[in-house]
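Residue numbering begins at 1 within each chain, and the chains themselves are lettered A, B and C in the order written.
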Amino acid sequence: MSAPTLRIRDLRLGFKSWSGTFDVLHGISLHIGKGERVALVGESGSGKSVTARIVLGLLQTLRSAKISGLVEFEGRDLAKLSEAERRALRGTRMSMIFQDPTSSLNPVYRISTQFHEVLQRANPRIEPAESRARAEKALADVSIADPARVLDSYPFQLSGGMNQRVMIAMALANEPSLLIADEPGTALDVTVQAQTLRLMREQVERHHASVLFISHNLGVVREFADRVYVIYKGRIAEQGPTAALFDNPRHPYTQALLRAVPRMTGDGIPEIEDASESYFAPTVIHDGYGEPEGVA
Amino acid sequence: MTQPLLSLRSVSKTFHTGGREVKAVDNVSFDVAEGECLAVVGESGSGKSTIANMILGIYPQTIGEISYKGSALPARRDLVHRRSIQLVQQNPLSSLNPRRTIGASLRLALDVHGIGERAGRNDRTGQLLEEVGLPASFRTRSPAALSGGQRQRVAIARALACQSELVVLDEPTSALDVLVQARVLRLLADLRKSRGLTYLFITHDLSVVRNIADRVAVFERGKLVEIGTTATIFEAPNHPYTRKLIAAVPVVTADEVALRKRFMEEANANV
Amino acid sequence: MSRALAILVRNPLSLLGLILVATVVLSAVFADVIAPFPTHRGAVVDFANFNKAPEWPYIFGTDLVGRDVFSRILYAYRISLILGVVVLAIAVPIGVTIGLAAGYLGGWTEYVLMRITDVFLSIPPLVLAMSMMGLLQPTLTNGMIAVTAMWWPWYTRLVYNLARSEKEEGYVLAAEVIGASKLHVMFREILPNCVPSILTKMTLDFGFVILIASSLSFLGLGVQPPTPDLGSMVAEGAKYLPDSWWLTIFPGLAILVAVFGFNLIGDALREILGTEQ
């Protein structure tokens, strides 16, 4: 069995400030196999976004950040890589798409320029003509009807949905093995979001990419992910396959989360506690969905 | 038949920006009955925020009439009008002045409208905080010291301070976490009952609407495409856009998935 | 407050600024006590001891009529501080009020007020001051009027930009919907959010006011003899360089200490007030 695309073991994160250390992650473990779509679900302050940034190697350079634990990407321990090696992975073997597509694209450059930059990360000597051809094909793959026009546009000239498609195309252009999606579609209208998620699912399947999907929206997670990790205040509360976790949540926090989501079937608004000792209960692991032992 | 609390008749709003004319609201008419919760749903560009702003008197309508308790609301609102219609905004962080204490922000409404004796107003702000489930001692804190959910409760308390009858809620829980959202929605429902308030609830989140609204008005590109009771809209929607909206909502239970499947087929059939 | 002091003291540069500013302020306030020759601030003459290089008890030397340079510098600090305080006390409220009104009220008010401000801003400060001084008698008071007249537009520009962006914030909308008056919104809602930037600019400006005033005195405008002023002392002494170097160097250093100190404090203040928000 090959190494999982991503393996995190007992990851801890604390921030040093002049009033002491503030712990954000208390030892989380998760893994993503090849081609798997895994969601990390939590509310704000749960630590889900910083986890993504650690995987990308973006927090390690922060002096006030204290990180310990194992983060392995395609079998390589990220802590053992130099900053240059970690940077080389970004945009090539692992890429990220963000919450608000229009503001994540550089407003002063045309899409074609930005696409060229992306393709250059994998192939520094690529010719503008070739990158344009590849970009056009990539945009057509995400169902953009007029790729040439979009390539010549600036981000502010395109709609949010269009920019999200461009971002997905750019993120998958270099055939990364891991795509990290941080609350994708949250800034979009619900009808556009639905289309975008469908598109993302198709594309990751086509490119055989694994996905780390970070979200606070349970409905979206249910539609998109194969497996789910629920994170509460820096600890994994529950992990398991999507269907089982949603139909039969076993951790008090997961249960509270699911009860709190308003239903389209109109069951009213329940009484929920937004903080409770029971939410700190130990991790519940659905049978057969625990963490794999280390590949020595 | 009782008079509606709020009434819009043939209201349109055209903006002139950068040499272009944008019709944000196109010939909209609807009523809000006293004591009801009317949800205004739509996506971006639907005109729902523009309608809210006109009702609040932030800018006037281009054509049409907005009436409150039977009399037309003028473009320039006076204190009496201001007191009747209040607002809870989406962003709890920016809606409270970071350089003023919670108590000062709440007191403003009391001072402007001369509610109660001046000496007793500080106590009154404490009472308002307790009414929304926060300790009275929060009066002396600054907004930065509160969580998002707590700030939103303060915003609700502020809307109550004027003793208004109609509260316009513009995406009041969209910026909140799931658990916090549930608590705030509960609070809003309880307050409506205890104070006999009328809500104009603007949101894009249909699953919230399903559980708190009496009636729903659906907007698309400035036009009112459908309006009806919650049950009707969700079980037998008329307009294709309404069906499309319902079909797009991400859901968590198997029952909802089945409900949606039905609408998705209908929506796809009409595309 | 204690947090502010902690930040000021922790950073070596801001600590230096604090020390320098404290030196200037204490010198000015306690000049009567510290100065070895308090009478030398006036029209005193002592030809027995004139033009002496630094030696005890004239630690900075004496000038051409025998007055102790050190004592005169202490009193000159007093004049500079008074100048700074008065100029800012008048220019800042005027500039801030105009900026608030232009930024929040918009429309014709904004147009008219900002065009007036632009006119003042486009005249080089020193030229403006000099022209005013040309029309008025050169006195300390008129010097202050001239400097004030060129100073307020900068605060208008600063507050105008801040007010324009703050007025889009939710809390301004909330106050308007409640029915608060325009005056309330400008002064009780928006202004407090501008205060950190205004305060920071004021500390930085203090040094510059002193510098501009010194430049005016250097040109013979502003303060007249026998009142001690750092700029005049530098001008006077410059004629005798490099022989009687102490006549220029010490007043010049005194200006440097004041301006540098205030600049350092200004930077630290920005950090303190910035993080507080």
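Note that a residue touches a chain if its C-beta (ideal position, glycine included) is under 8 Å from a C-beta of that chain, and two chains touch if they have at least 3 such contacts.
The structure displayed is predicted, hence computed values, not measured ones.
Touching both subunit A and subunit C: give me those chains, sorted by label.
Shared contacts of subunit A and subunit C: B.
Which two chains does the highest number of contacting C-beta pairs join?
Ranked by C-beta contact count, first place goes to A-B.
What chain lies farthest away from subunit B once each centre is taken as the mean of the Cα atoms?
C
Cα centroid separation between subunit B and subunit C, in whole Å?
Centre separation, subunit B to subunit C: 50 Å.
Hey, how far is the Cα centre of subunit A from the one of subunit B, in Å?
32
So in the complex, which bits of subunit A are touching subunit B?
43-44, 160, 189-194, 197, 216-220, 222-223, 246-247, 256-274
Spell out the residues on subunit B that touch subunit A in their complex, using ranges where they run on.
On the subunit B side, the touching residues are 43-44, 148-149, 177-183, 185-186, 189, 204-208, 210-212, 230-231, 234, 244-256, 259-260.
So in the complex, the part of subunit B that touches subunit C is made up of which residues?
56-58, 77, 79, 82-83, 85-87, 89, 91, 93-100, 105, 108-109, 112-113, 144, 155, 158, 162
Along subunit C, where are the residues that touch subunit B in the complex?
169-171, 173-181, 184, 188-189, 192-193, 195, 277
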